[in-house]
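Across the two complexes that follow, chain A remains constant while its partner is chain B and subsequently chain C.
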Partner chain A sequence: MIRVGIPQALLYYQYYPMWQAFFQALGAEVVVSPPTARPTVEAGLARMVAETCLPVKVYGGHVCHLRELGVDCVFVPAIRATEPGLFNCSKFLGLPDLIRATVEDSSPLLEIDIDVGQGRGALQRAIYRLGWPFTWNPLHIRKAALAAWEAHLGFQALMRERKLTPPEAIEGSGGEGHALDSRCLPDTGSLVIAVVGHPYCLYDSYINHNLLGRLRRMGVRVITPEMAPAQGLEMGIRRLARFKYWVYEAEVTGAAGYYLEDPAVDGVIAVVVFGCGPDSTMLDVVQRAARRQEKPYMGLVLDEHTGEAGLVTRLEAFVDMIDRRKSARGSWEAGSMEKRRECA
Partner chain B sequence: MRAYLGVDVGSVTTKLVLLDENDQLLERLYLRTLGRPIEVIQEGLAELGRRQPQHLEVVGVGTTGSGRYLAGVLVGADVIKNEITALAVGASQYVPEVQTIIEIGGQDSKIIILRDGVAVDFAMNTVCAAGTGAFLDQQAYRLSLRIEDFGPLALKAKTPVRIAGRCTVFAESDMIHKQQMGHRVEDIIYGLCQALARNYLNNVGQGKDLRPPVVFLGGVAFNQGMVRAIQEALGMPVIVLPYHEVMGAIGAAILAREQMSLNGATTRFRGFEASRAACRASSFECKACPNLCEIVQVRIGRKVMARWGGRCDRWELKEEVPDG
Partner chain C sequence: MRISVPYVGHLWVALRALAARSGLELVEPPRPSQHTVSLGVRHSPEWMCFPFKVVLGSFIEAIERGADTIVMAEGPQLCRLGYYARLHEQILHDLGYTHVRVLTFNWQEEQILGFARFLRSILGKERPWKEIVGHLKHGLEQLVLMEDVEKRVHYLRPRARDWREVNLIWQVAGPRISAALTGQELREVRRQLLAELEAVDLDPRADPLKVGFLGEFILVIDPFFNLDLEDELGRRGVEIVRSSWIAGWAKIWLFMEMLGLSHGQEIKKAARPYLKRDVSGEGLQTIGETVLHAQEGFHGIIHIQPFTCLPEIMAQNILPQVLRDHDIPVLEIIIDEQTAKTGIITRLEAFVDLMQRRRIREALAARRNS
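For the complex of A and B:
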């Protein structure tokens, strides 16, 4: 049985159930690297080129770890476009090349080049090429691809309907995922904060210093982009940026646009990593929109810092600000009610 | 007399204040943290204790600043608050209609936007500490100026030179270049103030709706050169309050008063002298998982009062203090 390694980093949070279903349907064993820890980050930092962002460096660390686990190959996809006419960050386009050049001793790479803009035929050929090491029978590959798509749709529906984050949904569906420090506690927090950003920023609790867990411990109900309906995200992009440009724009501009409009959401936090090109343009749009809507908004920039004091201060200040704003508005409304009563 | 104590432990300085029940300032202390927050807090408390008459009774304590948790354990805090909230509360006490707060401290700088006395937006400097007090300090030292003389000298500038303010490493090489070209020191240092003011507004103030009245707080507000540079860059007058350097501590004391009047509890304050008890912080590396977190442990006497620094809850031990 071929053992396929999947790094628990970058697009893992978006597509793991799909990839898992595909390789399992082809009779492979899927091995996921354990959650990011200090040695993972250090291995990645030591090898990757300096200009890449932290999540890409962490990805390199996971590839190193998978080699230690003795997998036969590592699945490293290159994703150019998921819809015609969209652009992706260059680090996603060249991920296999980047890994080959920096992690020279990695297990053999299992690659796929996905560019939906090239048409259906090209996509099918790419999928067949990915399946060839496992079977000579194209029908088996076709069946595996359909199972993979099915798993992907199920995963998305699970997150949306049960308000789960990707790690929770992956764990719930019997995968290898890990839970967050504190579990999702729907409807207990008195404050609702939407946290938007790329899944590899939001759910890698090592990179983000357990941001979601911290918010939940402060009594905040956290909602994330996956919990919003797909049309809502599309609408959010149209509202804020008019048209979609980046492949992973829905989880930033889309989610922000959707949640900024939602009266049940008390505030929006956007999480980005230092040096991200696409995010720097998207966040500017989000910040302007938040100001227009007078909705509490905060951008958080993550980097390799191990000190978490700055992050904690910002989170506490943000939650405090919303709290105080809410109670001030409450007393103002109560005051004007009294006045109205006096007038009457 | 009943009083409230506010302690603000910043990266470079530690501030302590005592307020009476009407939020009037009774005492204030402004000390250098010198990398030894525990000793400095203890010395500050002892000093406050010496200055205060016998009949004074501390009935509430608030701590803030980047060392707020450490200070909270040491002093026995009733409320531990982040510096954004504390500054907003403190400044609105003196200028109730304030709409913009600029705070530049030793290691970080902040902007707070308020409407009707409530913070509605804020920002802190991102990864780098460019343009904060520590850099001014360092440059004053390099030019062998006392930091106190920096401001008055900057005001004497006639033709300030243009200095790159984006990054302090570039700013420094720019300054050296200008100095070797023969520019006068006052023109260079006012040029530096302008660069820092520009950098602050572009970086921290970016995308914020800055409206008057603007209040300038933090240690850097002592520097008249910076005050003038910020006024020029903003194009509006900037108010420097009399106690701007201790505003965080004042805010913390006010928050302590609010908290105590809310629940009517008795304070956890350990007393001016009790805090002199042997307090030790030590650290060790947790080996339970590959993360190898550095755990810090604070002991007062023989008792472990607090432990923090881990990525998980394994070692976490904090007194139950209401925080933000």
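For the complex of A and C:
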């Protein structure tokens, strides 16, 4: 049985159930690297130039780790466009090339080029080429691809309907996900804060110092881009930026546009990593919109040097500020602040 | 409608002539300066790239001179550049310049016919197509001449007895080419300029080092953005071979792609062992040209990029792999608004010394072997 390694980084949080279903249907064993930890980050840092963004360095670290787990190959996709006419960050466009150049001793890479702009035929050919090492039978590959698509749709519906984050949904479906701190249940919070950003910034609790867990422990109900309806995200993009440019724009501009308008949301936190090209453009658009809407907004910019203490202080200050603002408007539950203190 | 266009490379050499020929009201922003940079940096997102900030500053200066319409390139596959126009518009409106319109032109989808149509929509629908095509042709010819002269200047600077002589001709080349409003005049200016350059007194002992100048498009083509490194290197006896040219780029995008001819085949083939995919911008070109230059026996490569540039970070990550197979020194220069020229010059001088010593060492080794 071929062991396929999937790094638990970057697009893992968006597509893991799909990839898992595909490779399992082809009779492969799927191995996921363990959650990001200090050695993972260090392995990545040592291999890439300093200007590279943190999630990509982390990805490199995961690929290194997978080699130690003894996988036969590592799945590294190059995603050009998921809709015609869109553009992706250069790192996603050339991810396999980047990994080949920087992690020279990695296990062989399984590459696929996804470019929906090239048409249906090109996409199908790319999928067949990906499945080729596992089976000679194209019908088998076709079946695996359909199962993968099914899994992807189920995954998205699960997150939307039950208001789950991707790691929770992956864990629920038997994957390697890790649960967030559930000492305070998601629904008990009186404050609702939308956290927007790329999934690899929001759900990698090493990169963001367990931001979502911390917010929940403060008694905040956290909502994330995956919980918003797809049309809502599209509308958010149109409202803020007129038309879509980046492949992963929905989770930043779209979610921000949607949640900034939503009266049930008390504040918005945008989580980005330093040096992110797409986000450097989108964040500015979001910031301007937040100012117009007069909704509390905080942009958290993370990198490998981000100190935990500073981050926690900013989070507490932001939550307290929203709390006061709410209480001034007369909808404050008595004692909620003390409860939050105990939790944190 | 008073139109302005960013001050990048020699674009304005052709635009000044266009304004004079067609009566179009163009507002020329002042040459970028420290003031432009400060203006741009103050109003730009923090980690947008350096060209974005300077172009924004340049727009504000143009608006203060009376421009009310801005023309920018747009479209996907252009890295963040494709997003510039939208962000510039929002920032300018928030600054209170609500009367300013940003017109965009999508290079990749529309190519030469689209560009002619775009030009006609600005000039006025009543103008005959013949006139539009004439303007386009003249503008391109001016750019081509400007860059032909520049190539010659790159060649002569390290070989002249006194580089100042070359610079004197180069400084007035732009205005002279701008002033040539007819094909006849342009041919005359071409003849004169090339003759003057031919007459430059050469140093017979000169043996310049040959260096490839690669990286992000705007930084490579514009002396303001690259701190005039071409001049600094020329003075120090280094011949620059540049990879990006506006006229070359326009030719590729506007004509070749339409005809289905692709210029970059050789570059793509050279880059293939290291980078198989186009990562937008000049990432692929940087890798491919490095390989080609190494094979052609260049003495070194200067790779220049703005801080946080998406495609060039990819190239920078992949370059070490290229250098393992090809023995050629590379100097990385990353530019942002904080970059001081003095620091860069010191690094350049060290790099030139390094290349010279390598050359001597190789010559000695060759003599010993023979």
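The rule we apply is simple: the second predicted complex is superposed on the first by the 325 of 344 C-alpha atoms of A that agree within 3 Å, B and C clash if a C-alpha of one lies under 4 Å from a C-alpha of the other, contacts with A are read in each partner's own complex, and residues count from 1 in each chain.
In this section, a contact is a pair of C-beta atoms (placed from the backbone, for glycine too) under 8 Å apart; a residue touches a chain by one contact, two chains touch by 3 or more.
Nothing here was measured: the structure is a model prediction, and the numbers come from that model.
*Asks:* Determine, for the superposed arrangement built on chain A, whether chain B and chain C clash or fit.
*Replies:* fit
*Asks:* Kindly classify A:Ala309 by the partners it touches after superposition: chain B alone (first), chain C alone (second), both, or neither?
*Replies:* first
*Asks:* Could you say whether A:Pro39 touches chain B, chain C, both of them, or neither, answering first, second, both or neither?
*Replies:* first
*Asks:* Which holds for A:Ser90: it touches chain B only (first), chain C only (second), both, or neither?
*Replies:* second
*Asks:* Is A:Arg288 touching the first partner chain B, the second partner chain C, both, or neither of them?
*Replies:* After superposition on chain A, A:Arg288 lies in contact with both partners, chain B and chain C.
*Asks:* Let me test your reading of the model: by the given contact rule, A:Val31 touches which partner, first (chain B), second (chain C), both or neither?
*Replies:* Neither chain B nor chain C is touched by A:Val31.
*Asks:* Just to be sure I read the superposition right, which of the two partners does A:Ile2 touch: chain B = first, chain C = second, or both, or neither?
*Replies:* A:Ile2: touches no partner chain.
*Asks:* Just checking: does A:Thr52 make contact with chain B only, chain C only, both, or neither of them? Give me first, second, both or neither.
*Replies:* The answer is second: A:Thr52 touches chain C but not chain B.
*Asks:* So, A:Met235: does it touch chain B (first), chain C (second), both, or neither?
*Replies:* Neither partner.
*Asks:* Quick check for you: in the superposed arrangement, does A:Val116 touch first (chain B), second (chain C), both or neither?
*Replies:* Once the two structures are laid over each other on A, A:Val116 reaches no partner at all.
*Asks:* Least CA distance chain B-chain C after superposition, rounded to whole Å?
*Replies:* It is 5 Å, taken between the nearest C-alpha atoms.
*Asks:* Go through chain A and flag every residue that touches chain B in one model and chain C in the other.
*Replies:* The overlap between the chain B and chain C interfaces on chain A comprises residues 274, 284, 288.
*Asks:* Per the contact definition, I'd like the list of chain C residues that touch chain A in the complex.
*Replies:* Residues of chain C touching chain A: 45-48, 76-80, 82-83, 86-87, 90-91, 94, 274-281, 283, 307-311, 313-314, 316-318, 320-321, 334.
*Asks:* Contact residues on chain B for chain A in the complex?
*Replies:* The contact residues of chain B facing chain A are 66, 81-85, 108, 116-122, 124, 126-127, 207, 209, 289-292, 311-313, 323-324.
*Asks:* Please output the residues of chain A touching chain B within their complex, sorted ascending.
*Replies:* Its residues touching chain B are 37-40, 181, 205-206, 209-210, 218, 274, 284, 287-288, 291, 294, 296-298, 301, 303, 305, 309-310, 312-314, 316-321, 324-325, 328, 332.
*Asks:* Under the touch definition given earlier, write down the residues of chain A that touch chain C in their complex.
*Replies:* My answer: residues 48-49, 51-52, 78, 80, 85-87, 89-91, 93-94, 96-98, 100-102, 104, 113, 241-242, 245-246, 274-278, 280-281, 283-285, 288.
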